[in-house]
Amino acid sequence: AEPQDHFESVIAADQKIEPRDWMPEDYRRSLVRQIAQHAHSEIIGMQPEGNWITRAPSLKRKAILLAKVQDEAGHGLYLYAAAETLGVDREELVELLLNGRQKYSSIFNYPTLTWADVGAIGWLVDGAAIVNQVPLCRCSYGPYARAMIRVCKEESFHQRQGYEILHTLAHGTPGQRAMAQDAVDRWWYPSLAMFGPPDADSTHSAKSMAWKIKRFSNDDLRQRFVDMCVQQAEALGLRIPDPDLRWNDERQAYDYTQPDYDELMRVIKGDGPCNRQRMEHRRRAHADGAWVREAAAAYAAKRAERAQREEPVAA
Amino acid sequence: AEPQDHFESVIAADQKIEPRDWMPEDYRRSLVRQIAQHAHSEIIGMQPEGNWITRAPSLKRKAILLAKVQDEAGHGLYLYAAAETLGVDREELVELLLNGRQKYSSIFNYPTLTWADVGAIGWLVDGAAIVNQVPLCRCSYGPYARAMIRVCKEESFHQRQGYEILHTLAHGTPGQRAMAQDAVDRWWYPSLAMFGPPDADSTHSAKSMAWKIKRFSNDDLRQRFVDMCVQQAEALGLRIPDPDLRWNDERQAYDYTQPDYDELMRVIKGDGPCNRQRMEHRRRAHADGAWVREAAAAYAAKRAERAQREEPVAA
Amino acid sequence: MAQRLGEWAAAAPEMEEDIALANIALDQLGAARLLLSYAGEAEGAGRDEDALAFLRDDRQFRNCLLVELPNGDFGQTIAKLLFLSAYQLPLYTALAAGPDERLAAIAAKARKESAYHLDHGRMWTIRLGDGTAESHARMQAAVDAVWPYTAELFASDPAAPVDPAALRGAFDATVAEVLAEATLTRPADGWAPTGGRDGLHTEHLSFLLAEMQVVHRAHPGARW
Amino acid sequence: MAQRLGEWAAAAPEMEEDIALANIALDQLGAARLLLSYAGEAEGAGRDEDALAFLRDDRQFRNCLLVELPNGDFGQTIAKLLFLSAYQLPLYTALAAGPDERLAAIAAKARKESAYHLDHGRMWTIRLGDGTAESHARMQAAVDAVWPYTAELFASDPAAPVDPAALRGAFDATVAEVLAEATLTRPADGWAPTGGRDGLHTEHLSFLLAEMQVVHRAHPGARW
């Protein structure tokens, strides 16, 4: 059989494509792009929350937050590893991030202004990520699907932690409650925008759906997220900042106000509140670490050379 | 008359030596050393207090502290200017500070740990400086004497401000009062050590006395300082941390415990708590500013050149 | 601005500059104190300058983003100073002629100070821009980095005693002249971050306030 | 130490190192929490781990000066980690064999973690020391800068469950071996700053605490 036929039959049978299988170049490129952007998002996403590690208001919360940011670095690593199975290497992808040729999730271009933002990110941003990513656990490319299973498990843990932070604040002092509501007010619409432009304007979707990389449309996922949040917000005792949010009996779903997609486009283009700051931070960390990476490489080379020099003596 | 005779007659008549007058090389060197160290002390002395500018607990105190630290920079400049009248230049002296060949007052090698330290430095350190410096207003070298008049006037203002800070704290909340007492406990002996080693061990004193650069011995000045502080401490309601402090009717002065001169010697030698930090800070500021100073020089040179090029055209 | 300049204490490139930056910090702090006191009285809730400075969170501050940016190198500090004073000079000039006498008196004093600040910012921008190759590159980078934050200064607010939008012309003229003499290029307008006036700040402000407020807040109700 | 390592979040030279430093921070924080809780109970004044961490001033902290030093570059952080873990490993080993069961249990857990920290510090010290000319110079400078602060760790305290002076031998042996393999020179003993155990800290600690405590203190009595 032709390799193309094999590929198509695997997709049709809902089985997994593995690294050694033949795949169309477009499929490969599309996956590399998506996985890399996902990995970049984890790495850049460490910054907004990392911003509060030194100021976490209790030692327990500090430990949880440290572990969470550490998990994000771990996710970044699995995902880069998944991308590497497609024949690119991490260094190359990091370079594409640093020179701005590849993007990361726009949500991380918003600032974390108070401790409650750590809660709101956990609840809303991780919540949206999970809704986006759970279907990816069944995606057609094996290594990506398996990485996502692990990522989703940890993300749902993070989401619960975020929910807990907000719950404690919402049931705390008036100052804490106000802080929690303020954070939800600021993160709600950016979280909705995480699902991307409306289906009508989405460019990559059709092909991704056919290849079973993507399995639901942006708007479907967004709706699922809204429906999930409404109930949780009630339990939290916090208000979702949308005056038009209401149950639609006919659709058996909540009607809601769309996020500002023009704003989303501006942020994607590079003009969000923190795009420059996030990129500068990443570039600086990379540049500041250059001498360390060079040293590690030089040391490894010396060791290898010494090992080789010693062999003839031993022989 | 021989220049030497003129010099000696001026000294004897309690008049001033001026820059153009002949003076013994030793006198000149001794003055340069003393004035430069004094200037260096003002510059390094900006650090321990500058440490609290960003954290001053009221806007008024912040303004007063900013102005004080600014005054210290100003004192540094007058004093470098006074030293320059003796044929050295500032850059040279700053270089001697940065490479550790000239010293600054050891008192600035202690850390400022709380806001109350700003008060204690004003009251005790500036107080000791004034006792040391008031006689210098009558010193035999004119430019130095005149600089000291200006410096002393401002220092006594600073001392009053420090006293006020401590007075407010000592009459404030229990936490403030404890902070004030703690600061006095830590700064008392280092302030006593500011007058230098006991007369018996003082090396430069005899000649300086003869030349009327110095007019009182270390121990005399130290005694004067102690007597002054005892009364002020009572008014402040703070305790001087010396269990053996008591009035001696015979000497008509307070008996007191000598500071730890071994500690003083260690600090002078470079092993105080903050010697390395202060020098590193100064060196870093100097290094970080190099490109700015070079730019200013380059711009000045360009301007001069342009002015010259334009002249022939105008002629 | 005063808080950020205060961070320069004993760290400026020249001793003369330590003095100059402290001077400017004192002026800015002085104006801030008068304005905060007046605002506290106008509010009528018994808050004085210190209550307003030390007991608000970043979400309650209304400053423009420009002044909360980290100092960066000396060039960045100068860029902030140049742009801020080129805005404050026409602002205080207009306020000094306004109907509110107390505000006019504060502004009349501040206007003279702003003129000095602008002069200082201008002088250094020119020296650095037209100095060495390195200083030119650094000063251009500083101007580029700070420029986006100037847009917020002129966001129209018809309810304000002076509509900031009306000051843009004077600002542009000043800046154009200084940058030209400094052989620097005015950045293109583009990204224009905003939010400071609504309490939506950069991540930097809460760190600045943590440091600024720490002693005051550790001793509730204390006098200083 | 955990607080300082937390400052490295998302800023380490490699992603793997972001994870490793966070791991070490978590271990240090975990041990600190257990010890603070125990100290609070032993004190019997109703202070829990958070009261002890967030509501004391620097003058009430009893940590050694080494851990409050700023992070500096990666080499300095590694030097701090190497020296701290080379001290903590024999300390926790001795405490794990002590008569106080609760302390012994905490130490038994912390000992295993310290062994990992020491391994990490050793590995990087060797890589950097025996890496490039630049990394060698930087690592030697880091060792020189941090070394004076190690003396305080071993100041004799016969009243302590384990007299720190007794740990010096193990520390010296470990450090000598690591530095030798790293082609680095052990600094001469000289200046040996002290005071941390008596609450006399460096000027750095109060800044660290201002940041660490800001949110907790802004909401007195709140639960988190």
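To keep things simple, chains are lettered A, B, C and D as they appear, and every chain counts its residues starting from 1.
One rule holds for everything that comes next: contacts are C-beta pairs under 8 Å (C-beta built on N, C-alpha and C of every residue); 3 or more make two chains touch, one makes a residue touch a chain.
The UniProt protein names, listed by chain, are C, D = 1,2-phenylacetyl-CoA epoxidase subunit PaaC.
Quantities reported herein were computed from a predicted structural model and do not represent experimental measurements.
*Asks:* Once the contact rule is applied, which chains count as partners of both subunit B and subunit C?
*Replies:* Touching subunit B and subunit C alike, sorted by label: D.
*Asks:* Could you tell me which chains are in contact with subunit B and with subunit D alike?
*Replies:* Correct list: C.
*Asks:* Please indicate which chain is farthest from subunit B, where distance is taken between mean Cα coordinates of the chains.
*Replies:* Result for the farthest chain: A.
*Asks:* I'd like the Å distance between the centres of subunit C and subunit D, where a centre is the mean of that chain's Cα atoms.
*Replies:* The mean C-alpha positions of subunit C and subunit D differ by 40 Å.
*Asks:* Using the average of all C-alpha atoms in each chain as its centre, how far is it in Å between subunit A and subunit D?
*Replies:* Roughly 33 Å separates the two chain centres.
*Asks:* Counting only Cα atoms for the centres, state how far subunit A is from subunit C in Å.
*Replies:* Each chain reduced to its C-alpha mean, subunit A and subunit C end up 37 Å apart.
*Asks:* Could you please state the distance in Å, as a whole number, between where the Cα atoms of subunit A are centred and where those of subunit B are centred?
*Replies:* 57
*Asks:* Where in subunit B do residues touch two or more other chains at once?
*Replies:* Where subunit B meets two or more other chains at a single residue, that happens at 55.
*Asks:* In subunit D, what residues contact two or more other chains?
*Replies:* Those would be 57, 206, 210-211, 214, 218.
*Asks:* Considering only which chains touch which, label the overall pattern as line, ring, star, complete or other.
*Replies:* Topology of the interface graph: other, matching no listed pattern.
*Asks:* Going by the touch definition at the top, which pairs of chains touch each other?
*Replies:* A-C, A-D, B-C, B-D, C-D
*Asks:* Mind pulling up the subunit D residues that touch subunit B in the complex?
*Replies:* Subunit D residues touching subunit B: 57-59, 190-191, 193, 195, 200-203, 206, 210.
*Asks:* Touching subunit B in the complex: which residues of subunit C?
*Replies:* Going by the criterion above, the answer is residues 2-3, 6-7, 9-19, 22-23, 25-26, 29-30, 32-33, 36, 49-50, 53-54, 73-75, 126-128, 130-132, 134-135, 138, 211-212, 214-216, 218-219, 221-224.
*Asks:* Going by the contact rule set out above, which residues of subunit A touch subunit C in the complex?
*Replies:* Listed in rising order, the residues are 51, 55, 111-114, 182, 186, 270-271, 273-274, 276-277.
*Asks:* Spell out the part of subunit D that touches subunit C in their complex, as residue ranges.
*Replies:* Listed in rising order, the residues are 57, 206-207, 210-211, 214, 217-218.
*Asks:* Please give the residue numbers of subunit A that touch subunit D in the complex, ascending.
*Replies:* For this pair, the touching residues of subunit A are 43, 46-47, 50, 53-63, 66-67, 69-70, 73-74, 76-77, 80, 115, 165, 168, 172-173, 175-176, 281-282, 284-285, 288-299, 302.
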